[in-house]
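Two complexes, one shared chain (chain A), two partners (chain B, chain C).
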Partner chain A sequence: MSASASPNPKPPFWTIARRDAAAGYVFIAPQLIGIITFVLVPLGLVFWYSLHEWNVLAASFNFVGAANYQMLLADPNLPQVLVASAIFSAGLVILNMTLALLLAVLLDQKLKGMVVFRTLFFSPVVVSLVAWTIVWSFLLQNNGGINGMLAMIGVEGPNWLRTPTTAMISVVVVQVFKNVGLNMILFLAALQGVPKELYEAARVDGASGFKQFRRITLPMISPTILLTSIITIVGSLQVFAQIAVLTQGGPGMTTTVLVYYLYQQAFQFHFFGYGSTLSILLFVIVALLTFAQWQLRKRIVFYEN
Partner chain B sequence: MTKHLLKTTAASAGIILGLAAAGTAWAQDAVNLRMTIWSANEAHLAMFNEIAEGFKTTHPNVSVTFEPLPFDSYTTTLTTQIAGGNPPDLAWILETTAADFVNSGALAPLTDAFAATEGYDLADVSEKATALWTKDGQLYAYPFSTSPFAIFANNDVLKAAGAKTPAELIAAGEWTWDNAFASAATVGQSGKTGLVVRDFKFQTWQNLASIWNGWGATPWSADGKTCTFTEPAMVDALTAIHKAVFTDKAMPGPGEDIDFFAGETGMTITQISRASLLPKENPFDWDLVPLPAGPAGEYSVVGQAGVGAFAKGANKDVAVEFLGYMTNAENSKKLAQFFPPARASLLNAETLASTNPLLSPEQIETVVIAGIANGTVLPGHTNFAQIQQTIRAGLDALWVPEADVAAVLANVCSSVSPLLAR
Partner chain C sequence: MKTDLSPRMKTALYGLMCVLLIPFVFPTWWMITSSVKPISDIFAFPPDLWPRRFDFSTYAQVFELQPFARQYWNSAYIAALVTGGTMVISSMAGYAFARIKFPFSNAIFMVVLLGLLIPSEVTIVPLFQIFLGWGMINTHWPLILVPIFGAPSVFATFVMRQFFIALPVELEEAARVDGLGRFKIFWTIALPLAKPALGAVAIFTFLHSWNLYLEPIVFLSSTQMFTLPQALTQFTDAYGGAMWNIQLAAATMTAIPVLLVFIVAQKQFVEGLAHTGLKG
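Moving on, here comes the complex of A and B:
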């Protein structure tokens, strides 16, 4: 017999599975290339920079090993900075989530004109952040709009941005008003997804309004609560423009949060190596917090049981 | 058919190659210099472009573009450009960061190149003016602007409040800080604003040197190693300023942003180049006077700006050459229209009067010429940005009514001392 008819013909390279896989890779390629170019490579570079002393003006770039990390541990300003970040994040998350949920519940009514209110509360989200903050900086000045209004009712307002406590409160509140609409919309969508029969059944069983909220609403929207809390916490750790416009980290260092501090170190003081080390610290903190929340979901999120 | 196609292809290839070759030749000769500046003033830009055009007569292949950057983030933007591998060929440099730029080796030395330029006469530039920009006898940036701090007064506002004007006090030989603060307090208590230290904003504390130099106070020792905020002169000076702000209402408090040139303020301390901001419509009766005498006597303070060429630039030599051209005796006269010169040959009433039509001969003599000749520059230090921020954070505790001045200043020194000693 001739050998031309081999018992095992070589299979074609493009099998259906391979073709599917290739199509899949092509589809995710734009996103993947973006992530590699703008996230993973810079992340690797930042880590690389954090092992160097980089003097831009003298154009020196010297490997210093863990020296920047030792400096981090010995930095006398770092405890203050971390405390400021923690206060800011805690204040922001608590205020933002509470207010967003409250607004969502109020706006989840079938009344005339509700759309107008929803739009109103959401509109700050689409306003330019810096423009929003600059307007607030005028309002919060010592002789600005807020103190002017307080003076009309005979109250002498504090110098909002120059007093340690009120400066922190001011940046938190300005940020909450800016972004509460986003969480509100997410909560609103979640609330409208809760089956109405559950409330009917509860009413038949004689459950009060508050009990319905606690036993039905909260568990049913718990996945959204988890999502918004992760977004809000991560966002709160990255606050920068508000601080730069409103307080420049002052008075003293009371509003110098981690991102602002690393901006100062890298771009104002030109310590790019140490600035990179601080951003590695920020990355670790964000990663740990997100991981912890993700782990907690099994306990607090209804659907994960 | 095929032959025709081949011919066309060959022809177009020839054209493209020819163009490319010409392009390469052109690119080798043409030099584009870029200079970062912090002024976006049309008149300034027109003058610089005129100087760049003049340079073209001897260097037809060189063009210079002037890139205005926002003043507030100027140094940050500049260093980011350098870090990103895209440095300009030339740059304006603020006096506060002079030490960083001069000591780092980032700038090209200028003295020898200027000496080789015909008719440059570097000796015409006062040594006091070049001190900040010189290291080991080499000039690294040319101080193109040496602008004295002075007081602009709004006599309408002062008289309406019943306060003595600076001119009256000078005539009586009583132009001291005590009396200046008293006049400002009279205005402040009448409901308007007394005295504004322009651009200070309770952040840019180095601008207070325009006041505390009158007490003989300095932020650090001459060698820059020791904090001197706790010295009696500084404590006294800041006590006087604190009293002027919080007790006498002579100066606006923190968080009150007030512009003298809007016409509702008695006096302001700023550089004379701000005369251009005086309102043309609804003008007020203004005056320009030297800084008052402090307890340590008469004094003057200047703010400087330098311009340097980067040592690592591809076109370093051309950049240095252009700098020599831009700041030669002839062009310095043009620059003097906007930027007070440090050249002795230009420091006379005649030259300055033609370039500063707003000022009277007396103002030019007492404020501009005397100020530039005797003025001390604002404090500067290597690693200034970090030192500035550290002291700013410490001084924040001073800007409250009940502050304990000595205690705050002791804190300032304890936090900044490690940075100064480095």
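Moving on, here comes the complex of A and C:
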């Protein structure tokens, strides 16, 4: 490429290192431009919007500084929304992780037909989310399948989706059964990666099955537990379709989680400014939780490679 | 780890697992059987585990009440484009972050990882404004562009990077000595070895796109443009009550093809997801 006429040719500009660096930038360019366009710029915009009183229907867009944040603090609905989110997320994460670990331990036993069980436990993961939710909505109707079966054994079931406590339990449980298979197979892979010699040594020392589980299994799979718990918590904060299909946030506001409230404010009541303020709140919560879990890593996780 | 289970213990384990299976398997069974019950039997007491009368007209009504074939196509082609696009973008970016030395690569990787912290629910209001400005409301562009280029693909890039880091570098070194360019090495050597990781990326990208619900109801307004999750909730009578058997027929048609693909390829599905990337 460089002029070849000169008697003392300079080293070519396109050295292997430079060519490599250029290739690197080309390889990451689509992702980086995408992140800037569809994540970082929108994040900046959502903060900018949150400083405005903006009603789309009234076509008003006025800078109001921190007024939306003052409104947020004074919002009489917010405590209820945050409590609903916290109950949903805590319930989901605890149930999901416990059940996933239990199923993984069961599937880890050397028994015939485990592949069939694994396939069936995993199957709801591949069923369309809204289809899955609709079936459960059908099952949980007051005169639906679950209450019908309860009635056959002489139990009068509650109106699951119209009673505050059972509505929350329902949305949590429906979501747990939908996705627990994912964590289950991650745990199963982790369990199968624990060196067998550790158990043999423990058995020689006379450690019981439970003690082996607590002292060997749990510490050895702790990196997987941490990673799946982060993914599960962040995922639980994004729940929307299940709420929209099962309860529409009700009864009252008992199952109105933050994303559902945000959707209502922005896209049903057309308060884009306040909706943006709620988005910032959601972002801060996700960021804080993720940060806290990475900090916990050092204390809880036994080893890392 | 335990080979010495007694027969009684085995029976107990099988029994426990069969009971635990009920909430995982029964809903799908109930969905399929209820979708062919006439509306009068749908809330029959006692509940019928097998329909006492069959009414297959529900399946025809799905297509009469909505442009369901069109909606099916919408969901399918969007999911296919998003899956293909994400595989290209994330394998290239993941490879570069894992293998190629270039200035600021770590800093840029950190910026990209921010996408994991910012779920698209956080940015849905400005995304709506951006696509409004581009004249793309009530088109499928937001459902294609945001997943491929935005936050959802970051996880895919992360998985690909972890995979390429764990891949031995010697094969590529030999090719470099032979003077092969980066793109050639990526395309002919690294990428074919990355099939398990690509498979995992394809599976969760497809499922993510197939399940999208908030984005379609924000961006799409005409039934012709709807995707399946959105369409499924539209089977209501004049009073807004759900037409259960028709809704369940539509849900069955949505769920069964993916379920069948999964059952045929379950080994690749489960092992691909379990053994890829997520370990780091």
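Note that in this section the second predicted complex is superposed on the first by the 285 of 305 C-alpha atoms of A that agree within 3 Å, B and C clash if a C-alpha of one lies under 4 Å from a C-alpha of the other, contacts with A are read in each partner's own complex, and residues count from 1 in each chain.
The rule is short, and it goes like this: contacts are C-beta pairs under 8 Å (C-beta built on N, C-alpha and C of every residue); 3 or more make two chains touch, one makes a residue touch a chain.
Here the structure is a predicted model, which means the values were calculated and not measured.
Trainee: Does the superposition put A:Phe121 against chain B (first), chain C (second), both, or neither?
Mentor: second
Trainee: So, does A:Phe240 touch the first partner chain B, the second partner chain C, both, or neither?
Mentor: The second partner, chain C, only.
Trainee: With both complexes overlaid on chain A, does A:Pro195 touch chain B (first), chain C (second), both or neither?
Mentor: neither
Trainee: In the overlaid three-chain picture, which partner chain does A:Asn55 touch, first (chain B) or second (chain C), both, or neither?
Mentor: In the superposition, A:Asn55 contacts chain B only.
Trainee: Counting touched residues of chain A, say whether chain B or chain C comes out ahead.
Mentor: With both complexes superposed on chain A, more residues of chain A are touched by C.
Trainee: Based on the superposed arrangement, let me know which partner A:Leu282 touches: chain B (first), chain C (second), both, or neither?
Mentor: second
Trainee: If you lay the two complexes on top of each other, which residues of chain A touch chain B in one and chain C in the other?
Mentor: Overlap of chain B and chain C footprints on chain A: residues 141, 143-144, 267, 272.
Trainee: Inside the complex, what are the residues of chain C that reach chain A?
Mentor: Residue positions touching the partner: 1-3, 5, 10, 13-14, 16-17, 20-21, 23-25, 27-28, 30-31, 34, 43, 45-47, 89-90, 92-93, 95-97, 100-103, 105, 108, 111-112, 114-119, 121-130, 145-146, 148-151, 153-154, 157, 181-183, 186, 207, 210-211, 213-214, 217-218, 228-230, 232-233, 242, 244, 247-248, 251-252, 254-255, 258-259, 261-263, 266-267, 269-270, 273-275, 278-280.
Trainee: Write out the stretch or stretches of chain A touching chain B in their complex.
Mentor: Touching chain B: residues 54-59, 141-144, 159-163, 248-253, 256, 264, 267-270, 272 of chain A.
Trainee: Can you tell me which positions in chain A touch chain C when the two form their complex?
Mentor: That would be residues 17, 19-25, 27-28, 30-35, 37-43, 45-46, 49, 103, 106, 108-111, 115, 117-132, 134-139, 141, 143-145, 148-149, 151-152, 173, 177, 181-182, 185-186, 188-190, 194, 196, 199, 209, 223-224, 227, 234, 237-238, 240-241, 244-245, 259, 262-263, 266-267, 272, 275-276, 279-280, 282-283, 286-287, 290, 305 of chain A.
Trainee: Mind listing the chain B positions that touch chain A in their complex?
Mentor: 76, 79-80, 82-83, 100-101, 104-106, 202-203, 253-257, 312, 383, 385-386, 389, 392-394, 396-397, 399-400
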